[in-house]
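Below you will find the structure I want to go over with you.
Chain naming follows the written order as A, B and C, and within any one chain the residues start at number 1.
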Amino acid sequence: MAIIQYLLLQGFQMLLVLAVAPLLIGIVRRVKARLLRRIGPSVFQPYRDLIRLARKDVVVAHNASWLFLVTPYIVFAAIWVAAALVPTYALGLIFSWSADIIVIVGLLALARFFQALAGLDVGTAFGGIGTSREMMIASLAEPAMLMIVFTLSLLAQSTQLSSIAHYMMTVQVGLRVSCGLALMGLVMVAIAENGRVPVDNPATHLELTMVHEAMILEYSGRHLALIELASALKLTLYLSMLVCVFVPWGMALTDAGPLALLVGVVLYPAKIAAGGAALALLEVTVAKMRVFRVVDFLNFALMLGLLAALLLFVSRSI
Amino acid sequence: MTALEALFRAFTGDFGTAAVTVLLAGPLVTATAMLLVPAHRVAAALNAGSTLVSFLAALVLLWDRPPLNIYLHVDDLNVAMIALTTFISFTSSLFSGGYVEHERRTGRINRRTGQFYHAMYQSLMFALNLALLANNIGLMWVAIELATLTAVLMVGIYRTPAALEAAWKYFILGSVGVALALFGTILVYFAAASAVGDGMEAMAWTVLITHAGWFDPTLLDIAFVFLLLGYGTKAGLVPMHAWLPDAHAEGPTPITAVLSGLLINVSLYLILRFKMVLAANPHVLPPGPLMVGLGLLSMLFAILMLYRQRDIKRLFAYSSIEHMGIAAFAFGIGGPLANFAGLLHMVMHSLTKSAIFFAVGHIVQVKGTQQLPAIRGLGESHPVLGWGLALGVLAIAGMPPFGVFMSEFLVVSACFARAPLLTLVLIAGLIVALGALLLRLNEVVFGEAGGASLRRDGSYLPLVLHLLLVLAAGLCLPPPLVAWFQHVAAQLG
Amino acid sequence: MPVAHGLAFDVAHMLAGGMVTVSFMLLFQDRLFALIQFIALHALVLTLALGWQAWLQDAEHLYAAAALALVFKATLIPWVLHRLVRRLRIERAVETVVGAGMTMLFGICLVGLAVVVMLPLAAKSPLMWEDLSFALAVVMLGLLIMITRRNAVGQIIGFLSVDNGMMLAAAGAHGMPFLIDLSIAFSALVALIVFGIFLSHIFKHFDSVDVHTLDRFRGDQP
């Protein structure tokens, strides 16, 4: 009986992230529009877009191989699993032992690998440019990410997100400089990985600047819907990760009662919405940087990670 | 106000306090007065007069000392340094009168710059006197910072691109040094505050030295490294020396003499003060090896650079680095004999090097250039200058019977007892330095006379006076002076 | 391992660490106006740190130091620098930093060095260790800024951040006489004057504030 309950809780989390992801995109777009004094589309517009795309026919290039056809499914599956592993409303779910940050980074890398291959597959110029830029950004973002993971796991003595969140909630951590630096670094990595504003603009199709959009230019119909949903999930994943490590309060602890679970379920979308609004604010205040400056940007994130690990050493012995 | 107070003190028999008041207030008052004196001759006379009064006040201190307070003090170590500093500042001011006259006449500086020069000269003297008299380690730092800033302004006074470059470099490196020294000072305060208690007391050097045994040894060790690097920058020790040759070459020559003869000396003196605090704590790591290393490095590097110089002022600037290295080396070796040698070397080097720069100042004005290849055959065309320079160079190279020979001989023999292997390096270095200097001297003094021969201003008196003193010290040191040196050397530990 | 920290320590730690972070931003930044804004932020964090220490130690002189830092370092000096940059029309002068990545890596090494140098203190007084290693890190990063900037304004900003690091160190020392704070604020001001004079002269002579144009006039060349 208990095992079924655990499975249900985990299953609910999978559906929750899937449901929240398009909403998050809608919120970001809406807040951005309001900040720019436009009315903007409804927050539910991404759902409508996805349904519309799913109904449309798929148009595939003549020279596309099987890789091009399976990639959307692999990408979606990998990112959905990764997003569903990050603790959202409760800690200690049945699969939380596998919610290791390194596993999540690995799943994301798998998705990126296939997407890059598919970008090259058709052989158009845009796919090539987008892929090479995406790989450059990824190769810089990953060390930074791992450095931050390293810091957090040194602090909590675990690489499992659930344990880290538990540590952050229960132990009096205090105001740690390392945590602040790790937060800054993680935000920077998240921005780069999701192709948000200072690094890439998700709303543009200007050929010289696009990164992510260039790579998926050849997709259409339900394939495009899956990929769009996957990138929404990826943004949700990073926000959930930030929220669960740095603002874990309100999440239900292991084996908590139904009331705590309810609080967690209500609070999670609220936190994600707040995160989305903050992202929108950031995107309207900074200008997009040139592609070559992204190297410096991500190097800075890496340095923040290094510094965080170093300062952890200082503040540890007290 | 202060002059009245000094007068009052003098009448009530407290000559020491009166002298200290004169030493500090005199330069300040004169510096302010300089701004009101437009005539060059009057300003030069005022400058010389003020420094003479300072020198006389310093002589009074030899005989009567003021009561101790936590800001200022006079003890065995600094009383002689004050006498030396004020004496050289007096002779330099005599030299600078003629020098500035010449620069005015040739149009290198204008009336306002001349005024500014004299005001800055007095401010620099105030800063140096304050650094020497200070009992408070924070005050020492402030004084050295003030001295650096005024010296920066003086170095850049010609406003030529090269002078600005030199001044900017001096400013940047100087502030790096100042920063490190302040960090060291704060660490010393940290160490002291936990033993003595918070507040002003924990910054008074006399309190530090009596309580040093209770200080945290690791904190003191770290602090000393910072202080050595920080004040070592001002003293021109080698990894931090880059400002020194430029500043020496581009500034007006009297300031070069003051930099070489006084400012770097005072910086070394401050390092000694902190070394004494360390010596009073039995648990610290001995600072000697660090000073020996820096000293030896400075000396060897400077000696190798001597061969490459084509500018006469840069040549002697590197020679100053060499001699600061030797003095630091001697203090690093430690023990009564080596400390005695180090103190003597500081004094002798100051006197000799400022004498050389007096000669160089005249030579550069006569020849209109600082380039060594253009300066030839002075022995024939300007016998007094040529022979003055020759004697000065022989003295600085450590030839008997001059005072520098005495001090270098003592350094070598003290070193033999402690570290025989290093002695070989030291002697080899001294011989190579002698070779480099004689090589240059040969061309400058004994070559074929030629080139420009312009008019000269000012007298040879300061040059002759310094050389005679160095010669006298080499022939026979008066017994009271020896006794004093021995007494201080024993304190240095 | 984890011990409950007092709030007093936490805030002090956070502010000191914040200064180190802002120092890194200064190191990373290569636009003059942004540099000036960051030095103002640096001074603002310093003001908060000084104010917090003043409140903890109940020391009036630290309140005064905080006020000085706020008035001079966070407001007046950035304003003057801003005006200077504008008047000399060098807003667009994006100065070259010697490889941002390398500089940052070197900066990290310096922070590590600062921590290690102060390591012997860790056993005796962890609090002092932490205070001093943060302050030393800020000082060293300031020195690094001075070294890596070719621009005179960049160098002066490095100097100001060194001064801020000194203030931070002095604030941690209980009952350190006010003398030091005053003199540091004073020296920063004097430095600014000196700098203003020099900048105007450098500018007059070379039409550029890149100090490397001065290299042609070095004396060491044969």
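What we mean here is this: a residue touches a chain if its C-beta (ideal position, glycine included) is under 8 Å from a C-beta of that chain, and two chains touch if they have at least 3 such contacts.
No experiment lies behind these values; they were computed from the predicted model shown.
Chemist: Looking at CA centres, what chain is most distant from chain C?
Modeler: Result for the farthest chain: A.
Chemist: So, comparing each chain's Cα centre against the centre of all protein Cα atoms, which one is closest?
Modeler: Nearest to the common C-alpha centre lies chain C.
Chemist: Just how far, in Å, is the C-alpha centre of chain C from the one of chain A?
Modeler: 36
Chemist: Quick one: report the Å distance separating chain A from chain B, using the average Cα coordinate of each chain.
Modeler: 65
Chemist: From the mean C-alpha coordinate of chain B to that of chain C, what's the distance rounded to whole Å?
Modeler: That gives a centre separation of 31 Å.
Chemist: Write out the stretch or stretches of chain C touching chain B in their complex.
Modeler: Against chain B, chain C makes touches at 117-118, 120-121, 124, 128, 132, 135-136, 139, 142-143, 146, 152, 155, 159, 162-163, 165-166, 169-170, 173-177, 179-180, 183-184, 187, 190-191, 194, 198, 201-202, 205-206, 211, 214-220, 222.
Chemist: What does chain A use to touch chain C in their complex?
Modeler: Checking each residue of chain A against chain C gives 171-178, 180-181, 184, 295-296, 299-300, 303-304, 306-307, 310-311, 313-318.
Chemist: Please name which positions on chain C make contact with chain A in the complex.
Modeler: It comes out as residues 1-5, 9-11, 13-14, 16-18, 20-21, 24, 28, 100-101, 104-105, 107-108, 111-112, 115, 122, 126-127, 129-130, 133-134.
Chemist: For chain B, which residues count as touching chain C in their complex?
Modeler: 136, 138-139, 141-142, 145, 149, 152-153, 156, 159, 161-162, 164-168, 171-172, 175-176, 178-180, 182-183, 185-187, 189-190, 193, 197-200, 202-203, 216, 218-219, 221-222, 245-246, 249-250, 308, 310-311, 314
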